[in-house]
Each structure stands twice: as C-alpha cells, then as structure tokens.
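Consider the two complexes below, in which chain A is the common component and chain B and chain C are the respective partners.
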Partner chain A sequence: MGYPHPPHPRETVLLSQYFGDPEARSLAGWRQRGGYRALEQALAMEPTAVTTIVKDSGLRGRGGAGFPTGTKWSFMKPGDGKAHYLCCNADESEPGTFKDREIMRWTPHALVEGCAIAAYAIGAETVYIYIRGEFTEPLQRMTEAVREAYAAGLLGPGAMGGKARIDVRIHKGAGAYICGEETALMNSIEGRRGNPRIKPPFPATAGLFGMPTTINNVETLAAVPHIITQGAAWYKAMCLSSPKSPGTKLFSVCGNVRRPGNYEVVLGFPFEEFLYDLCGGPPAGRKFKAIIPGGASVPIQTMDEVRATKMDYEGFVAGGSMLGSGGVICIDDAQCMVKQIGRLARFFAHESCAQCTQCREGTSWTTKIVERIEAGQGTPDDLDTLLEIADNMTGKTICVLSDSCAVPVVSGIQKFRDEFDAHIQGHRCPFRVAAAAA
Partner chain B sequence: MITLTIEGRQVSVPEGTSILEAGKAAGILIPHYCYHPGLPVAGVCRMCLVEVEKSPKLAPACATAAADGQVVHVHSESALEARQGVLELLLINHPLDCPVCDQSGECELQDYTYAEGRRSTRYREPKRVNPVEDFGGDVVYVPNRCILCTRCVRFMETVAEDPVLNVSDRGDHALIGKFENQDLTHPWAGNVVELCPVGALLSKDFLNKARSWDMDRAASVCPGCSQGCNIVIETRDNVVARLRPRPNADVNQYFMCDEGRLNYRWLNRRDRVAEPLVRRGDALIPVDWEIAIDAAARTLTGRRVTAIVSPGLSNEVLYLLRRVLERCGAESEGVFAVRQGPEAPLPGVPDLAVRADRAPNVQGAELMGFRRTDAPLDAVRSGDVLLLADADLSAAGAAVVSGALARAADIIVIGTTVPAWAAGAGAALPLANMAEDEGTFTNLRGRVQRYRQAKSPPALARPGWSVLADLLVALGDPIVVWTPAEAFSALAQAHPAFAGMTYEGLGATGTVVADAREPRAVTAGIGA
Partner chain C sequence: MSVPPPGSLTQLERAAAFDPALPDAYEPLFVGERRVALDEVLTRYPTRMAALLPALWMVQEARGWVSEAAMAEVAEVLHVTPAYVKGVVTFYTMYHQRPVGRHFVQVCTTSPCNVCGAEDVVRAFLTHTGSGEIGATSPDGRFTVIEVECLGACGFATPIMIDEDVIEGVTAAQVPEIIARYP
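And now, the complex of A and B:
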C-alpha cells in the first residue's frame, strides 16, 4: 500500500517509490535518488527525439481522457514563430482522486523534471503549473522545489548549462472544479473567469494567451523522466492486459474500504484482486455494493460488473465504465445509493460554471429531484424526468461537466432502480429507517 | 465561397461563415439567444443546436463554421428535442410573469417557447429568487428573468470597452453582476437593454409605459446628432414612447447612444403652434392656410431676407427654403447654428460616436448653401425680414435677441413653435416635426437617409415640404410638389450632390452624396 503505509508487494512503485520519504523532497535528496538525470539526457537529444521516445513508450494521459502523450506533444509545430506553452494540470479536483497531491507532496522535483523535459520537447519556454487552490501543502512543496531548481540553474535562462530556457511558474487556483478543464484552466491563468472555451480551436493551435499550448496531467509528466532514463521499450513492456495501455498508474482508493490510499499498479491489473488483496476489501461484515472506478464523472458499477475488469483504459470501458482519473470510490451495502447519487449531483451543480444552459439549470434541477426522492417526497414519474434531463444534458454543452453529472444519475437509476423505487413507494429512505432501528 | 444545404435549401456563403449566418442567408432563422452579430461568439445558450449530417453530435450553429457540402437540419427530431430541452431548462427558474413584464410581446424566450417549447412544465421545485438591481444609467436588472446569455457582458467588454458587467457566482446561482462602485453610465450602455433577449435588462425610462403590441413603429433616423443612427420610433396613441436602434452596417451597426435614445420628449411637445397665424393689430390670430401663405409671401416679396434655419430640417425642406430665398430680394441669405455637445465614441464600432454637432442635417444645410455660424442673429441686417425656420435660438443672449429684433423689420415664423420673443411675427406657418413628417437627412459622412412618419401632426400643422411648395407658388415659382418624393426629386434634379438619387432608391439604409467627405477619426484610436 502506498503512503502512509508501506507498499503492498503486488504494487509496482515507480512514481510512488518515495512517497513518505521526506528527504526525496529536496533537490539534493532527489538528486541522490537519481533525479534530473533524465532531463540531462533529454537535453542532449533533439526535441523531436524526446517526443518520439514518449510516443513509442505508449504513455497516455493520466488526467482522465487517456490521450497518447507523445502524439499530443507532436501537435506542437516547432519553428512556427509563436510562443509555446506547457500547462501542467495540477488542479486535481475530481472527487475521489488524490494521486497528484501525493506526487507534489513527496516528489515535487519529479514533476519539475517532467515539466522541463516536456517543455524542451514541445519548444515551450514557459511552463505553468496550475495547482488546485485547496492544495496548500503541495503548493508549498512545489514552490520550494521550483525555487531550488532555479537556484541550481536547472530552470531559468541558463537551464542545464544554457542549452535551453525553461521558466516554470506556479499558479494557484481559487477553488473551482471546472478549472481542471483544460481551457478553463487557461482562462484562469490568463486572469479570466474559469469558463471552458469552445473547441475548436484546440489548445495546440490556440491555447494559453492564444498561443500553441500543450496541457498534461501531473502524473503523466511525472512518468516522463522514467521513460527517458529507462527507455520506451521498457515502459511499453509494463503491461498486464491491453497493449494500448502500458505503464503504471496510481489509483486513489476511498470510501467504504479497509485500506484506503494510493496504490500504484501496472495497468491491466485485475480489479477484483486489487480491491480485495491490496485494499483489503469492504469493512467487516459489509459487502461492496457499488464501485465508481475512475472519479465522480464515470458510470457507477455494481460489484458484479467490476469483478472481471482489468484495470486499464480498455478494461474499464469493456466493463461499462471508464478509467478516468483513477479515483476508486467504494460504496458498501450499508449506504443509500440515492443519497450517494444526490451528493454527486450536488457537487456538479455547485461546480457548474453556469455558461451552458443544460449544465447550469440541469445539474441543479437533477440535484433537487434526487434529494427530494431521498427525502421521501419522490413521485413515480421523477425517474423518467431525471433520465430525460440527463439525456438533455449529455453531449450538448461546451465541456463535459454536464455529461459528468448525468453519468452517475443514469447509471445509478439503471443499476439501483430498486432503491429509488423503495424511496418513492415507501415515502422514506429505507437506510435511514434501518439505521434508526439499529 | 462554399455551398451547403440548410433545411433543403442550397446556399452559398463566404468561407468562415457560421451555420447560423448561412441560415440567415438562406432565409432560415435558427433559434438562438447568446449569439448576436454585433458581439463575439459565446456559444453558451446552446439554443442554436442543429443536426449536421455525418457529425456525431448536434452542433451549435453560431460557433460551427459552415463547410462545403454540409447538410444541415434545423427542424429534425433531435435538434427540436435539444432546443425543447434548452427551453424547458431556461424556464424552470424563469418567473412566468409575462403579464407584467415589459419584454412581453417582443421576448425571444416567449417566442421560441410558443414555437418549439413544451406545453407544460415538469418543474416542481422552488424557483431561484434574486432581488431586482439598479444597474445605474437607464438600466434596471431583473435577475429572475435572466437567461445568462451574456450579451450584455460581452457588449460592455468588447464594444463599449467599459467592462462594468460580469457573470457572478456559478451554477444556477449565477447572475449578471456589476463591479463594485461602477454603474452602467457609459454613453452607449443603454444598448444592453436592446441586446437582452428577455426582460432581464429593462429601460427605466420605458418601464411599465407601454405594451409592445400596443405600439406603432416607423423606421426613422435619430435627430440627436450628425451621426444619423438608424432608429425605429415607437408610438402609442400618437405619442412617442420609445426610440430603438435599427441596424445599418454603414452607420450604427446595431446600436444607438443613450442620449439619442432618451431624447424624444420634444417630439411630444404640447406647446406647439397648431394653426396658421397672421398678425391682426397686437395679436396673432388663426386663419386659413391660404391667407397665412399669402401674408407670408407678400411680406417676403422683394425684401432682403435673413433666414435662420434649423439643421434639423430635412434636405427637401432646406432645398425649398433655399428656393424661397432665391425668390426674395437681393442679398437674401440663410444661416444656421448647431448646438454643440461632448463627443462620445463607441470604441468597438469604427466611425460611430455621439457627434459634437447635435443636429441631424448639418451636412444637408451646408449642401443647400446655408452658412454655418455661431451667431446667426448677427446676420440680421437693418430692415430685413427675419425668416425663422424652426431654429432654436434659446442659447442666444437676451441682448443679442433684442438687437436682432430691433433691426428686423418683419418676422415670419415657419416652424413647430413660436418662441416668446418672436411673438411679434407677421405670420406663423405651423410645421409637422420630424416624427410627424417624412423626409431625408444627410449625415456627417454625406449619407442621405430616409425617415418615415411615426405620428400625426397637431391640428392644422403641415409637413414642411408642402407648406414651402405652397409658399413658392405664392411667390411665383412654377414648382409642382404634391408628395415628399416629388420634393426629393426636385432637389435631386437641382443639386449635383444628389444627382441620380431617387427617394425610393435610398432604401432602408441610405445613399452617399457625390462629394462626400472622407471619414475621419473622432478621437485618437478610433478607426475610421
């Protein structure tokens, strides 16, 4: 098990190797552990060669969408005369996800190094690391790491012996989930309201300040130095199931589970074994009822559905959900699904940026109906209304926050309809009744 | 050019045109709220979703470029369903207070809901409620009716370049906010009322004054300054209730300034001269038109006349006045003064500003050979007939006025009012004001634009062109003018700058005179 406990023997600790090791935080400590060799190696290569290695490694974006990282980098055309930017998305706000936080808390230099290599590869002179506003400790660690890197000449005008200029700026968010959406993040950096932009144009064409921009997740960038030092073939070989999903991935596990925390496994790991062997299964006397495998935005699954799932991009999709951000939320049989779904909907309603009609009004309406059902005031046609609102909220807006709110509602009603019906027909929450009786 | 098919109609548009604009070109209105041709695209209301063949998702027509060979369905089942969904969601927190809402009857939410919306609501939860807020200037904000289309925010930010408004808060609590200690006092800020597709931003001046369906409308030109913004005059029961901008890409795009918008009360003045008057002893008494015209003609014949004219008179009236002066004694001349005010540009639109010349036809007066002067009364010489043609001389000092009166042997008034100091006039011929008449103005760039009659004149007052045609006949001029079009045609035949123009040919947006001046910048930084 990852920090704060020793790793489980079945974990493959690559990014999480030094979680819990305070000495790894400093530049000196990081160097002792092999830090910044990858940057040195990368700077000795042509930028396109760096991109090629990352492309060949099969590394895919760890923020949720799983887009091939090297391919994303190759969209940045060198020598177009424009300023290029790299944004590091450290606005980790997906409910149930807390892996980037640990990377920044324990191995801030891993991220700085990953950023520097990526910036070199895409021809960006400036990197913005956009850190979630609530992340006070990661902000402090990252600020300190960047300061150290500047002082040591690793960043700044004469980075790595004057081979390249790389500036890293840390931008603190102000507490909005939507700023984790890539274009909202760029608006936020620019000092605008954090609203997602209409695409196209995509960031690679016109991103931050209207310039070609690449945006990568913290975990993605932290994996890059390992790929540079150990090679694309080595990384690509780390694979337990689909060859399209190589490498290790941090999974944040929370909810009704015996050993919550971050776990790093090679992609394709059997999900059931992960849940029971590594995470210890449900609390004593309980059973897993539902699992949300990839953060709040992915479909809720029953335990039966996830039993055969392989933990990679393809495996979760085959099981009817998504890998998402790797935030595994476990819900046991003592929980009321209506309440859980209402809580998720409330989150999205609270975080809607209010641009698109479907999202602004739909998330809030959905929340009100689900909460009314949970309070025992639901009517039989409420479920049809919820499904129709959800349909209306899917695929029609600028970004996917609206869709993300519809996902748990639709999957929740489909898979746990009996619980909704019990609330509506009994005019009360059966779980509250049970809790009161106990 | 690219060619696409929208609702079965083929249309060719320049590359880069949005599907929404291509639809307009094909004569198909794609329902929308946040999109406005004068503002940057926001793509947020999601009302303009249309089905594009071979595209996996519905496309926002405002933010999707038309492409060659595209086949677009505006009224397909999926597009209609999506728009019905948007309408339902826009209405859940919208108060159904149309009976007391100023926007009712001209509300796009109302229109599209009737056209495409659900017949009943499924919403049973409490509605979000926020208090009405005074936005300063002429604008009041009713947040409960707001659909967050952000047209107002974008106008203030990118067109007025005075970012006073913002979207505050998020989720369904979001509303249009005003930055601390700032008000909508920009000289063009009132346009947000016009831009608002619903009843969220309202004009304080027009608040609860008239229902939109009770009003009559006439296309006109703003008489406030020499810019010549195209407007619509809206009247209820023969009273001007509101002025609104009318689009003209060459003059004012979609906008008009607050000063012009609110400066309409003089069109409703009740102290008008409403009957032809002639002097009998100490008093001006009402007489038949023929008697008054004859009296005026007798006074003018063979005398040196100084005409002080208003630069708010139409080109035709000014032309006929010029012809009157030619029939009078030698050295007769015409002068005019222009009331001045501060200039105020609208930064986001080239060559659009409230102009210093606060009169609509300064160019026309100059083209008709009237001399511009700051001291028009000084032009009156001893023994002159002073022909006062609706000129406002209230700015002149009492000493200047009494001096001119002492020099003038006779006064003839042709106008909408008889000022107190001109009570000694020999005759007064009552005219219709610009809202009661039709005609043309020439704006500062030489654009000749038509305005239409919006209301009827009081009692026996008559259009200026008709009065002056009669006066000319009485002075022996062979002119024949029975309609405003004939008055314009007489002008076009006589004046080289208007050569070739026809009244009908001016259309809705006007034609530029032959020797038009080049546009010039109003202030530094304003593109011309």
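And now, the complex of A and C:
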C-alpha cells in the first residue's frame, strides 16, 4: 500500500498488505494471516523443486541488479561437504529507497519465512540478515520475530518438524553504504572493513567465510512465500509490459512530491500515471524538473523522458535509465540541479571505501568541482574535466560505486547543461539569487 | 610512564601504557554478564573475528564511545591485533572514536531530504542545541549534531536520529520542542 497513505485502488498489495497493521507483527498475528504455510509447503518438497518454482515464477532480484532469483539459487550445490550460507541484504542505504525498512518494521515474519524457504532450497544451514545499524526499529522487530520463530520450533535443528537445520542470525551493520555491495557485506559479517572483493570467485563458489553463499535482498525474499503458496504461473502472469519482468514491486517515492511513500504495483505500470495518480504529482504550483527513478545510482531523467516509461526492468532501460532499487526521487523546478548533483557526488565521496584510486580520487574531485561551480567559482572547462573524470570512473573499479557517482554527473550535465552554464557564466547560483529576492 | 618491553604485558596493558590520556584504572568490559553475552555471540559465527562488530557495539553501548584501550581489550578477547581492530573501527561511521554529547543527533541531508529542506533542520539543531557547528558538542555536554547520509527513510523527510530514536518528518520549527524531550 502507499504507506503511510491508505492503499490506492490501482496498487496490487502483496508485500505491503499489512503495512500499518501492528497485529501482523507477532507470530500469532502472522499465522492468522496465513503466515508460515509456505514454509510448511516448501519443507514438504525437494529443495530443487522449490528452486524450480522460483525460477519458473520469473522473480528477479529487488536489490538493484534484477538477477533472476531461481537461477542464482541453482548455482548452489548442496551436499558438497561444505558449509553453505544465505545472506539477506537489509543494508538499504541507496538514497531514495526505504521499502525493506517497512517490510521489516511491519511484517518481520514475512522475511523470516522467506529466508527459511530460501535457505532450505539452497541447502544453507545458516542465514545472516545484515541490517544497517541505523535501522533501530527494524533491528528490534526482526530480533523479536526470530526469537519467536525459534521458540515455536520454526527455526533451529529440525525446523518446523522437518529434517533441515535452519539458523537465522541478525547482524547489525555500523554505518557504511558500501556494505550493501554483496562481497563488502560478507567482509563486514566476517569482522573486516567493508571493502568489496574482486570477482571471480563469485559468492556461490567462495562467499561468506570462503564458503558457497547466496545473497538476496529483503524484498526478493519476502516475495518467495507468496510464490510458493500461489504458484509460479500465478506470479508470472502478474505482468503489465515485459514478460521478463513479472510480479509486484515496491517503489519508494520521495523528494518533491505530494504523497511520498511506498507504493506496490505490478511491474510494467505506466510511470506517468504512477507519478500523478498514485503519488499526487508535484507540490502545489511546482513542476517536476527531474526524476531519478531507481535510487541515486541511476541516470537522472527529465519529466519528458519518463512520460512514456513502463515501470519494469526493460522499460526503465528503454527510457534511458534503470529500475535499480525502485527508489523514485522527485525534484521540482524550485531546486538547483547543480547543487543536488553536487550533493549526490558528496554522498558517493563519503561512502567510497577508498580501495580503488579511480573511485577514491574521482568521487572527491567530482564533489569539489561541482560544489565550486555551485558556489559561482566554476570555469568553462570544468564541465569537460568532470566528464573526463567520470569516464575514468566508469567500468574500471572493483565494484560499481565509482560508476554510480559518474552516472548522475554525466546525465546531469547532459540534461541540465543550461543550469551549469548559468552558474559558470553568471558566477553565482541563480536559484539562490531568486530565493534571496523572494 | 615508561613503555614496557614487548611480550611482558597483555595487549590491553600495553595500550594503556602507550596512551597517557587513559586512566590507569581502565576497567575491562568483557567480564561477568557482558562476557557471557559475548560468548553467546561467538556461537553464532564460525570465526572469532566475526564477533568484532557485535563486540564493538557492546563497547559503545556500555561506554558511549570506543576508546583505544577498549579496542585493545576487544583485540585481546577476539585474538586479533589492536591495529586490526582500529582499522575496522575507523571504517564504520557509527562507532564514535571520541566521546560525544549525552545525545547524539543525526540529520539526513542527502538529496531526497535535501530538496525537502533538510539543511534548515540542521541549522535549527546547531542553533538551538548551542553546539554551533557540525560534529561539535554543545558547551553543556548535552548534544552533538552531525549531518548523516541517507537514513533509509527518505519518504518521511526530514528524518533524524537522536540516540536510538528515529523521528520522521522533522521541520526546523519543531526542533526546539524535540530538543526539550532530551534533557
């Protein structure tokens, strides 16, 4: 639902059905709402059969890259004598994204159940749920849900009366966006600095503690119980545009918009109608100037560019951006794009783990130059310098944080060049001048 | 204090000897109940090192920050070096490497909140707490205010954290009333 607003009739609420319903939080409440039937059903199947259902459903990773979940699970080879792990990525730090937070706050058992089913399917004995340290309430809700699940025999040795042992552990992060990157997250659980690792080896070969590991986002895992109980065909049929993008997706909407919140729609939903009908459009008297549709790491778009976009993995790419994490950032015409692009660059500079030179230096120089332009001290060749730095930051580093910083800068200069030029030629920020006059 | 020869002391004692700012009376943290709690944490991971982040959280909960002596103690308990622990502590922004005010205020100013007026909220906190500048502690020791990157609550601009509490939808005008709730 459009939490914190009542559900919009055009939403399809699956994951968000119980947002705002405190009774859904307890084990008893969750069971009354049909909880843990999926786990029971899954445990009665062969693990590979569970993976096959998820594969056939077409579910794709909701953490950003959209990798097919069932395929990822099939890389795991149980019975090879090694320990196997499942990591649940609840680091949610991509600016604009706040959906995993609400899943954990309102329906913690949905995630516990999804984790247990996934662990069973891939033969993992232990699940680590990595929750960012700032998420104090989600941490508390998840800890309580795990405690209840153990007490009821749903986790631990002989989980739910079956043969499998499934342990679920909560690991609290300590403030680092980069720990959302899968291999950085594994290092962080191991008690190391959160530096991403060079791949290969991929996690399914050598991941957490050097053992075969699968990592999935909170929303991905929370969707799994629905697929088990209602079937792959049912899930796959929920699709409004590209057949490669089935299911529902939570979009977090924020920035300059009338009704910010989390909205759950079937993938392929028309973006313009989403922005205006569901989210209420821009604040009174304003216009949308820029939309960043998938969290801070994806290309910035103008309203004209997004008008015809269909909200799925293929649709956002066709429109020139990406679905990413589903964090829709709205920026209205009263905002200075140079300032906001500088602020995004500052975010990435702050969060760079600093192991790759291109990223460490690139994010910090990009920030300095964009902020200098914003302050009215830019020079005409600054834009070329920025683009050159961005080129050096793209496709050259261990992880894509570096690329993610270049993306808003390049797309921002392309699409809002007039604003950059106005700052450079006028030696001041036109928006600040307008604000001072008002 | 003279520096003792290597090998003659535990890492903890050595760290205390090297750091003149530390009281000789550093009280170990991982004894009694806290030690039991840490031992329980250790059962959740296949390596001792993996208990490092949880152990540092325990330190911060108990002492409010993570001192060099505490890092040395954690190192000793987890069988790693103090330098290693320091390397990890400095990576993560939530561990305080120096004491902070009684209440630690974090205001998100990343773009989604920034376009909703987050900078006004920061200014209001700096003014009304008397801390004056980012990262500084107010003269009465009550507040330290920092800007933080995305708190994962962007739809509720401007979210802030005071200690463990997240408060959503904060405006500059509400700041005095919020501050009053944290004596």
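Keep in mind that, in the parts below, the second predicted complex is superposed on the first by the 436 of 438 C-alpha atoms of A that agree within 3 Å, B and C clash if a C-alpha of one lies under 4 Å from a C-alpha of the other, contacts with A are read in each partner's own complex, and residues count from 1 in each chain.
One rule holds in what follows: contacts are C-beta pairs under 8 Å (C-beta built on N, C-alpha and C of every residue); 3 or more make two chains touch, one makes a residue touch a chain.
No experiment lies behind these values; they were computed from the predicted model shown.
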Between chain B and chain C, which one contacts more residues of chain A in the superposed model? C
Determine, under the contact definition given at the top, whether A:245 touches first (chain B), second (chain C), both, or neither. neither
Now for A:214: first (chain B), second (chain C), both, or neither, which partner does it touch? neither
Is A:301 contacted by the first partner chain B, the second partner chain C, both or neither? neither
Between chain B and chain C, whom does A:350 touch in the aligned arrangement: first, second, both, or neither? both
Contacts for A:101 in the overlay, against chain B (first) and chain C (second): which applies, first, second, both or neither? second
Regarding the shared-chain residue A:176, is it in contact with chain B (first), chain C (second), both, or neither? both
First, second, both or neither for A:198, with chain B first and chain C second: first
Contacts for A:261 in the overlay, against chain B (first) and chain C (second): which applies, first, second, both or neither? second
Considering each complex separately, which residues of chain A are in contact with chain B in the first and with chain C in the second? 176, 193, 350-351, 353
Considering the complex alone, what residue numbers of chain A touch chain B? 176, 178, 193, 198, 349-358, 360-365, 368-369, 372, 381, 385, 388-389, 391-392, 395-398
In the complex, the residues of chain C that touch chain A are 44-47, 49-54, 56-57, 78, 80, 87-88, 91-95, 106, 109-112, 114-116, 148-157, 161, 164-166
Which chain B residues qualify as touching chain A in the complex? 41-47, 49, 57-58, 60, 63, 81-82, 85-86, 88-90, 92-93, 122-123, 125, 147-148, 166-167, 169-174
Chain C-touching residues of chain A, taken from the complex the two chains share: 4, 83, 92-98, 100-101, 132-137, 167, 169, 171-177, 188-194, 209, 252-256, 260-262, 296, 327, 329, 331-332, 335, 339-340, 343-344, 347, 350-351, 353
